[in-house]
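What follows is a pair of complexes built around subunit A, which joins subunit B in one and subunit C in the other.
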Partner chain A sequence: MPTLLGVVLLVFFLFNWVGGDPAYILAGKIASPEAIENIRRSLGVDQPYWVQLWIFIKQIAVADFGASWSTNERVSQIFATRLGPSLTVLVPLLLISTLLALAAAMLVAYYRGSLTDRAIMIGCTVGQSVSILVYILVFQYLLAYQLGWFPVQGWGSTFADNLLLYAALPILVGVVVSLAPDIRLYRSVFLDEMSQDYVRTARAKGLGEGRVMWLHVLRNAAIPIVTNVMTQIPGLLAGAFLIERFFSIPGIGREVILAVERSDFPVIKAVTVYVAIATLIINLAADLLYRALDPRVQLK
Partner chain B sequence: MSLWLLAWRRFLRDRLGLVSLVIVIIYVALACASAAGWVARDWADEVGVSYAPPRFLGSQVEEAAAHGAATVRPQETHGIADPLAEELAEIQASLAGATGTESRATTLAFGGDKWGRDVVKKAIKGTETSLVVGLAAAALAAFLGTLFGAVAGYYGGWRDDFFNWLYSVFTSIPYLLLVLAVAAVLNQKGIVTVILILGLTGWTGIFRLIRAEYLKHRVREYVLAADAIGASDARRMFAHILPNVSHIVLVQLSLHVVLFIKSEVILSFLGFGVGVDTVSWGSMLAEAPSELILGMWWQIAAATLAMALAVTAFSLFTDSVRDALDPRLQ
Partner chain C sequence: MRHLVAALSFWVLGAQAADPSKILRITFQAAETGFDPVRVSDYYSGTVIEAIFDPLLTYDYLARPARLVPNTAVSLPEISDQGRTYTLAVKRGIYFADDPAFKGAKRELTAADYAYSIGRFLDPKKRSPYAFLYEGVAKLETPERYTLRIRLKHPDLNFGHVLAFSLSGAVAREAIEAYGDESAAHPVGTGPFRLKRYVRSSKIVLEANPGYREVVREGRRLPLIGGVEISIMEETQSRWLAFQRGDTDMEYQLAEVAPTFITPGGELKPEFARRGIKLERSVDPEIIYLYFNMQDKTVGGLSKEKIALRRAIAMAYKIEDQIRIIRKGQSIRAQYPIPPGVAGHDPDYRSSIAHDPRAANALLDKFGYRKGPDGYRSMPDGERLVIRYSSTPSERDRQFDELMKRSLDSIAVRLEIHKDRFPELIKLENQCRLMMRTSAWIADYPDGDNFMQLLYGPNSGQSNNACYRSAEYDKRYEKSRLLPHGPERDRLYREMTRIMETDTVWLLTDSRYRNVLLQPRVRGFTKHPVMHAEWLYIDLE
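Now for the complex of A and B:
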């Protein structure tokens, strides 16, 4: 709760103090003093700061940030319509990339020090050093524009269309980008666990390698893995904006970019506050999940 | 100094680390030379034709130009003298004089962009921008993170609570969203703005590590001994403890250089980064989509190569430094 208050204060400080007078942005380049005065009164920025802060807190509590400055669409309406497309891309993306990264990391951890291990690790380092922008540009150009395997961009009207046709290439790009850092992280987690005594014990009593790796090691490595997946979610929600922008997916991320380009403060404020709230909820969920995964974990 | 000497000896044995160190030094030297104006000072000169292809591909432009010239026929005058002929001839003469002095190359070493600027020179100039942003922002973030972490970890109490609260506020907003929100509010471009945005939002990781180190060190005997001989709080924090945690700061510093170079590329690509009169790898990539459709791949290739090599070298260098400074980790 104090964290949430801090986020509210930070956002308020940024937009109401650093950001300057919004009336000048709204009124356009040539505005009469009366018009500016009108806008100031309707936004409440002629009030003292503590009144403005109270207005902002009330807006958050009732989830009503008013209308977008540039399109006049309700901010709540923007959220309701943009969340679906974002999730259509993000949920499969997260599932596929996590499963693939786990399998690959298991493989390289098992054959550590071998040629496979070193080749994959060097590949990951190089792959990580190329900007996500390059992946998007090259994949879009080669696979969609040149080869025509996927639509270049766009969004359909039915869920099946969106998931199988339009979201396929964005998901592919996202998986490729997130594989390299995930494999590196999971590999080190697995290596940590594999040097533990219980692994030797399991092998000594004659368990198969598959059972040792997939049951014993994986379950013990679950906490760092869950932490990594959970911390990725809020970042993905806003961070997929590059993918959404290039493939013209009407999601939250593209909305953020548009809002920043148009200085559309209500939308940015709303996204920042809600993503922060989502982060706090996800952190809480992660704590509960730790408890379920490992009974030794004690919650305060 | 024996810690640093030992680390240096260990580092010399790491061949991959040495190679990456050499590459990093070459990049830094290139950026310095570019900042001093020794190389790529004339990156903005339009030396080639528009979209001049790389030299090794040969010129397709000449054929096209020859083809275009053949189709232009002299106009029929129908026996009427052009009243503007004299003026036109004058204008054409002055135009020819202007363009005649700089003959445009049909090919460039690694191709040209839309305005016929040399891609290699742009990439070198972009290296300067990216390295300056990465190093300066990382230095700012490391300074803030170390200062906050030292105060929070050393004093504890309400100072610790305050900085922990600040940390949880900053980390509950996803990094790129926070960067974009600050960029939206500042609403101005330029290298200094980018450095400020990245540095002021990126201190959290360093803070957490340094705070934990100070918590550990403040009860060590050498710190208690310093207290006993009357060293002040500031002296104990920065003259006694800081040298003992500086290897962590160094590793974090170079990790953050990589992070900030990547962030700068994304910011500049979206148009919230460096201004239009500066070139960076991000602004080079921003020109790539329209070029790719026309089949002009050399600018994206140059920017990608320059960036991938720099970031890979920096990452491997960081890994080697960490291994050299902390031999227990293997």
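Now for the complex of A and C:
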């Protein structure tokens, strides 16, 4: 609760401090002072700050953030229609990148110091230093435009079309971008575990390398891995705005950018609060998972 | 009997409807906000609205400068009472597109629909961004079913342009009431297209309205195409690649990559021309200008030394660099406050303000702006001289900042850049609290009045962002409002421009080119200065 209250206060004061007066955006090209005042009154931004803050808190309590100031669309409707496209891209992206990163990290950790390890680590360092924007521009140009393997951009009307056709390239870009940091992180976690006594004991008992790595090392390395994966989940709610903009995916990330550009406070409020609540829930779930993975962990 | 005739004519005309296989695919570079005419102010929503709703008047597609012609009105308005009363007759037998809001009945367009639609702009609860266009309306009367009489508060010979404005189309009260807050997503009009599929901020699909009245051009009934598919693509690379792959038919939002396909001479590069791609190039009906706040204590006022300071800054500013570097050659120098394609534009007029830093320095020396030990000038009274230029934190505005810095350095004037978000700049501007800013104005309607009002004294704090008040200018402006487009009004406009230049209120910089790329299969497209949805006239092979 204190965390959520902190987020509410932060977003409220940040918006009022740096967000700009929305009335001047909504008023159009020529607006008289009366028209500006009329808009401010209808949006409620003419009220004292404490009244506006109280309205915000009541909106959170009833989970109703009203309608967008610029399009008049209900905020709940915005989430209902934009979350699907975002999740269509981000859920497979998270699953694929996690599985690939785990496999690759285990491989390079196992062959530590080998040419494969060094080559992959150099590749990861280089890959991590390149901006996501470059990946998007190059992949879109090469794979979609030049080679024609994917659509350049777009979004269809069926789930299958979207997942298999339109989301494929955005997922590929996302996977490539997230692989490098994930492999580096998981590799160091695996290396820590592989030098533990229990690994030597398992090998001394005659267990196969596959069983040692996939069962014993992976399970003991699970806590930092779970932490890393779980911290990425709330981000699914906020979407991936660059990917969504370049590939014209009607997701929540694009909507957030639009809302910021238009000073559309109801949408900004809703996204911030939902992401904060999701973060709190995911953190709780992560704690419970730690306990399930390692009975030595005590929850207080 | 009349209903029977109407039904038969619908059946016959329906048989000649637009070819449904011809779908024009285009993009918008920003998301629309909705399709309720009173609620929108963005270009993209306005474009779709123009295709769905019918104003009383419209523009001749090919005439330049733009010329008003009747649309759903029988003829151009009868103007009486010295420009205070407009009377129009609405054509009979025009029907709204079928919609559940009409409960299965055919709904005919009448004068009351226009009275209702215009009345909505005047309703403060609707807080329409374009209410200012209609604020001269005193009373809307419908003496007969098909007759609309508009009484204005003051004489206004340009009100016909307001009636042709894309948002002045007729909405049906039943549809607005049926959809309530959702009416922005359920547009129901009498125009050539109707909304078929709508995914907000992503996809807008229009289909030819099968009940569209008979409009014939060159022997063919309009619209010629079966629909328009609009994809929202914010990023230039996505739009450019999609066009090159043939995924879209028309693209005009490629200013950033224009040198890729346009030669320095303004022609389409041969590699694109060989593929049959066509370039339609025109100058947008807009002006970009640098304004000085005439109420500011440093640069404002009409004393000789203040005029000299503004003049020197204007002479130091290198417009050529703005066009070459910032616009990448995709704009032309603006000489006159009324851009090309707009009634009142004077192609022979030449600005008296030329780029000449040496003369600018001499002017400042003459009026006592002495250089100090730090190399920068001070005010004639010895106070520190700092020019404060306001801009947004965008990448493009940073380029303007750098150009301004270079320009003012050439006359040894110290510059301070004031950064703020766009709404805050507008707020300060409306309060006459900015010193200097680069601003733009694009025509709401293609008449010089829409531009010359930008310097009219009573508009200070609204569209007159320089907060300029000149009795000489205002006197001529008031006189011009009582005149139709013609030599007498043009003469007044020229005089007003010279007054503004003498006072050096603005430095007109440029007007941007609109480069429309067309796939080989697109036929019949000509960019109109103010009509956005030229889809009515386009054909596809």
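Simple rule for what comes next: the second predicted complex is superposed on the first by the 292 of 300 C-alpha atoms of A that agree within 3 Å, B and C clash if a C-alpha of one lies under 4 Å from a C-alpha of the other, contacts with A are read in each partner's own complex, and residues count from 1 in each chain.
Here, a contact is a pair of C-beta atoms (placed from the backbone, for glycine too) under 8 Å apart; a residue touches a chain by one contact, two chains touch by 3 or more.
Since the structure is predicted, the reported quantities are computational estimates derived from the model, not experimental observations.
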A:81 touches, of subunit B and subunit C: first, second, both or neither? second
Contacts of A:137 with subunit B and subunit C, given as first, second, both or neither: both
Which superposed partner A:275 touches (first subunit B, second subunit C, both, neither): first
First, second, both or neither for A:155, with subunit B first and subunit C second: second
First (subunit B), second (subunit C), both or neither touched by A:106: neither
Partner chain(s) touched by A:124 [first = subunit B, second = subunit C, both, neither]: neither
Partner chain in contact with A:248 - subunit B first, subunit C second, else both or neither: second
Partner chain in contact with A:263 - subunit B first, subunit C second, else both or neither: both
Subunit B and subunit C contact sites that coincide on subunit A, given as residue numbers: 18-19, 137, 141, 145, 263
Residue ranges of subunit B in contact with subunit A within the complex: 165-166, 168-170, 172-178, 180-187, 258, 262, 265-266, 269-272, 281-282, 285, 288-289, 292-293, 300, 304, 307-312, 315-316
Subunit C residues touching subunit A - in the complex, by the definition given at the top: 31, 33-34, 39, 41, 124-125, 127-132, 181, 184-185, 199-203, 231-235, 237-238, 241-242, 244-245, 247, 421-424, 426-427, 430, 444, 459, 461-463
Residue ranges of subunit A in contact with subunit B within the complex: 2-4, 6-7, 9-11, 14-15, 18-19, 125-126, 128-134, 137-138, 141, 145, 234-235, 237-239, 241-242, 256-257, 259-261, 263, 265, 268, 271-272, 275-276, 279-280, 283
Touching residues on subunit A, where the partner in the complex is subunit C: 18-33, 35-36, 38-39, 42, 67, 70-73, 81, 137, 140-141, 144-145, 148, 151-155, 245-248, 250, 254-255, 258, 263
